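Heads up, there are several structures right after this.
Below, subunit A partners subunit B and then partners subunit C, in two separate complexes.
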Partner chain A sequence: MSWTKICDASDVSANSVKKVDVNGISVLVVNYGSGFRVIPPLCPHMEEPLEESGIVARCTLTCSKHLWCWNMQTLEMQGETEKPLKVYESKEENGAILANIENELTYEFEDEGGADDDDFFK
Partner chain B sequence: MKIAIQSNSGEHRFDCRERETILHAGLRQGVNLPYECATGTCGTCRARVMSGEYETVWKEAPGAKRLKPEKGDILMCQTHPRSDCSLRVPSQIAASNQPRPAPRRGILRDVKKLTDDVAHFNIDLSEPMSFEAGQFVVVGTRDLTGGRAYSMVNFDPSSAACLDLVLKRKPGGGFSDWLFAGRNGEEVEVFGPLGRAVFRPSEGKDIICIAGGSGIAGMMSILAHAVQVDYFRDHKGAVFFGVRTLKDTFYLDELSKFVQSSHGNLEVVVALSHESSCADCHEKYPALKLATGMVHEVAAKNIADRCENAIAYVAGPPPMVDGALRALMMNGLPVGSIRYDKFS
Partner chain C sequence: MAAKNHRQWTAEPNLQMNEWVDSRIYSDPQIFEEELQKIFKKTWIPVCHESELPKPYDFRTTSIAREPIVVCRGPDNEVRAFLNVCPHRGMIIERRPSGSFLEGQPSGNPKRMTCMFHAWQYDMKGNCVYISREKEGFQDRLCKEDVGLRRLRCEVKFGGFVWVNLDDNPKVSLEDWAAPAFQCLRKSLDAEPLEVFHYHKAVVNANYKLWHDTNCEFYHDFMHYHNRVTGFNDAYFARKNEAFDHGHVVVGTFQVNYEKYEGFESRAALSFPHLPPNQWYMIDLFPGMNFNLRGSALRCDIVTPLGPDKVMIEYRGLGLKRDTPEERMTRINHHNSIWGPFGRNLHEDLIGVQGQGTTMLPGSEPRRILHGRHENQTIHDENGMRHYYEEWGRWMNRRPSKPDQPFSEAIAVAAE
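Take a look at the complex of A and B:
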């Protein structure tokens, strides 16, 4: 367990995202109005930086590149989205956003040393 | 050549002709492969070749930026097979209820400038084509490598023998320079119809159109269809058309006529990004409203009470499209009700 302070809750206004570097790991903090999520900074579809392409509205995060989207409360995939979003466990304490960052969460775009090609489908 | 595709929804097989892209071959035979631009920019048609020889049309295609060519990753819209090929496509391939695209030959006619940097052109087709309002075709000439996408401006309820198209000149752009050199009578290749940003009256929704520059093309087709079926008797429409200055406007006569036949239910706002002030409505076309600012910002201010039960169509340069998508979602429009084409 390593709960780390990511930023102050007041640093990320409602319906917006903010990229933060914590100990060499980039994460994206999403304020969806009724709560926060801490996620990897790239869209799981085609690695678009969500800091730029992410739109937060009505409890949903949408990547403007091809409109994949996820409900921020339930993490359900919506519309034509085909990959789930990974999230760091997070909490809000005394006005700070904390996340439990054990290892960097990544999507399988890179497949170092893997002999199998299944990364393409993940 | 035989193409076998493994997708998240099973296996598909089809034939591919010499010098045909895998995307065109699949779509032509009813295999609804994933795509958006069909011209190498968006990356949606990516696939991995598991076996077989192939040739890449446009190696520097922006859509291939994040692919791994050493693993056999390709864009299906930029790949000619050289032997039988087996591919994997990392998405679902669902059935389509749209007209199947096909290659046709066409002759360019009536190329004429509408403004300093916008030209209208027609293509007379070797065989008529049925298409839905909002669709586009990929046009190729023997003088240029690769196709360019253009959205139909006209709408024909049965099938069209002639396509009306419009081009905003891109400085130094291959097709732009080629067309502006005056090309009446020139032969072109046309593949289509393509595109899922279509208008279907049976959906029964209000419509919002946000267009930057030549992005108005597909909206003209949508409005033509809507007016033909008297859609604005029962539904509302709002069009936001962005250009730089009053001098850069085009299609105002046509837009004005659409407003006049809309029973007061269609509003058209022309947004001028490079004028500091303007009248409330156009002097010559009082049915058209004017506003200053970027079109997605003008739209953002005017759609709050229009998004309920609406479908939005967005087309134009990518930053404008992204701004418009943001504005629509902030106003509560779900992604399923947003259809867009990015002109990059």
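Take a look at the complex of A and C:
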């Protein structure tokens, strides 16, 4: 267990997100008003960069592309969301956001399937 | 004979049937529509060069015979082509001329082609990977697996050009169709990766075949003042036009004395691989593509017919991918000094076909356009055009000199 400083709490205003590089690993800091979360930067649905698509309101992070959303306090999936959000262990200490980022958290995305052989056009 | 009255002007020339064509093949709207259906939707068309989509998720959009096409490079590095049409409501999917699907778009996700209309999404293999509110709207009656992009035959070949055929079952493979014509340059073009360093396009008020005609004969060097005064010599006049199956023509090489061109230098140091210095080959492919290698620089013309009297010509200049910056600058200079928009003769070629187009507007009175020069199949012979129009007649089942009559193999053979 090692706590790494991600940024100052004051760097991320309420109801917004900020992408930070920590020793080569990109993470997203989410300020949901009553607390912070540190998560991987991509939406688990279709790799959308949440830095662009993420909307934070009423304690909920919503990816605006396909409206997958999670309660930031309980991490409960909401609406049509089909995959849970992964989170880094984090805490706020003396005005700084710290997280435990020993291993990068990633999602499995579906490979592109489909026939690609010579018979395709026959 | 002096000037002509109307009857004399419209009379058939005293030449063989395949030594002239009726000007309606350059102006008639119905013939033009037939060409799109019978030729352009059935044959191999180079749409771009693979160096124009160097990285996974790079794309270019283009069209063949009014069908919008998107060409993209998948994460597996394969280049694929699709109709740029959403199977839902027929919206065009990608509107940019080129770019990367990794770039975020207001309506699009990274790594996917997204139809901005209703957010349906497709991967680089054309699979539909997302339908918005799928279950709510279609229940189980239609799902992602039931829809997908229309994939097109696409091959990267002959120096890295990307060839597309709208016909799933073409009469001949790309290899069989063009390999014999490319034989003279294939080793040089395939020796190492090439790269596009120049692109411009011209939209000309002329039929696309007029442009190809100009590429098929060098008799019009009389229009190119500089070529005429410094280019004509015995070796020049000895160059041969060689006909290949499927309507292609290759103009054989000779060694160009660039030192004799005013303000030019030898291109020997940067000649393409496996070629003696300062060679000049030209490959004219049916129905309107041209590959022109002048020692150190390759030019490629691709025509997109826009109407009976309008054509878009895309010009690309290519060098070796491994060029140093200095080599590249020299190569660009070699290319542009002849073929750039302000080069030695390209703009003059455009004036030529634009002038022809001016006299052959749709509805103009039909005239005979002569293709009857015979000079032992050398550079001022018009055998390349005769060969082209024989193939054109076959695809169209129309006789180029009498387009209301069906093509006859017997007449074509007898005439030649």
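We take it that the second predicted complex is superposed on the first by the 109 of 122 C-alpha atoms of A that agree within 3 Å, B and C clash if a C-alpha of one lies under 4 Å from a C-alpha of the other, contacts with A are read in each partner's own complex, and residues count from 1 in each chain.
One rule holds for everything that comes next: a contact is a pair of C-beta atoms (placed from the backbone, for glycine too) under 8 Å apart; a residue touches a chain by one contact, two chains touch by 3 or more.
Values in this document were obtained by computation on a predicted structure and should not be read as measured data.
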item	value
Which superposed partner A:15 touches (first subunit B, second subunit C, both, neither)	first
First, second, both or neither for A:55, with subunit B first and subunit C second	first
First, second, both or neither for A:79, with subunit B first and subunit C second	first
Partner chain in contact with A:69 - subunit B first, subunit C second, else both or neither	first
Touching partner for A:46 - first (subunit B), second (subunit C), both, neither	both
Broader residue contact with subunit A after superposition on the shared chain, subunit B or subunit C	B
Contacts on subunit A seen with subunit B and repeated with subunit C across the two complexes	46-47, 66, 120-121
Residue ranges of subunit A touching subunit C (in the complex, touch as defined)	46-49, 52, 65-66, 110, 112-114, 116, 120-122
Subunit C to subunit A touching residues, read off their complex	74-76, 78, 104, 109-112, 119, 121, 123-127, 129-130, 132, 148, 151, 153, 168-169
Subunit B-touching residues of subunit A, taken from the complex the two chains share	15, 46-47, 53, 55, 57-58, 60, 62, 64, 66-67, 69, 78-79, 82, 109, 117, 120-121
Contact footprint of subunit A on subunit B as seen in their complex	8, 36, 42-44, 46, 48, 50, 66, 71, 73, 88, 90-92, 321-322, 325-326, 329-330, 332, 334-336, 338
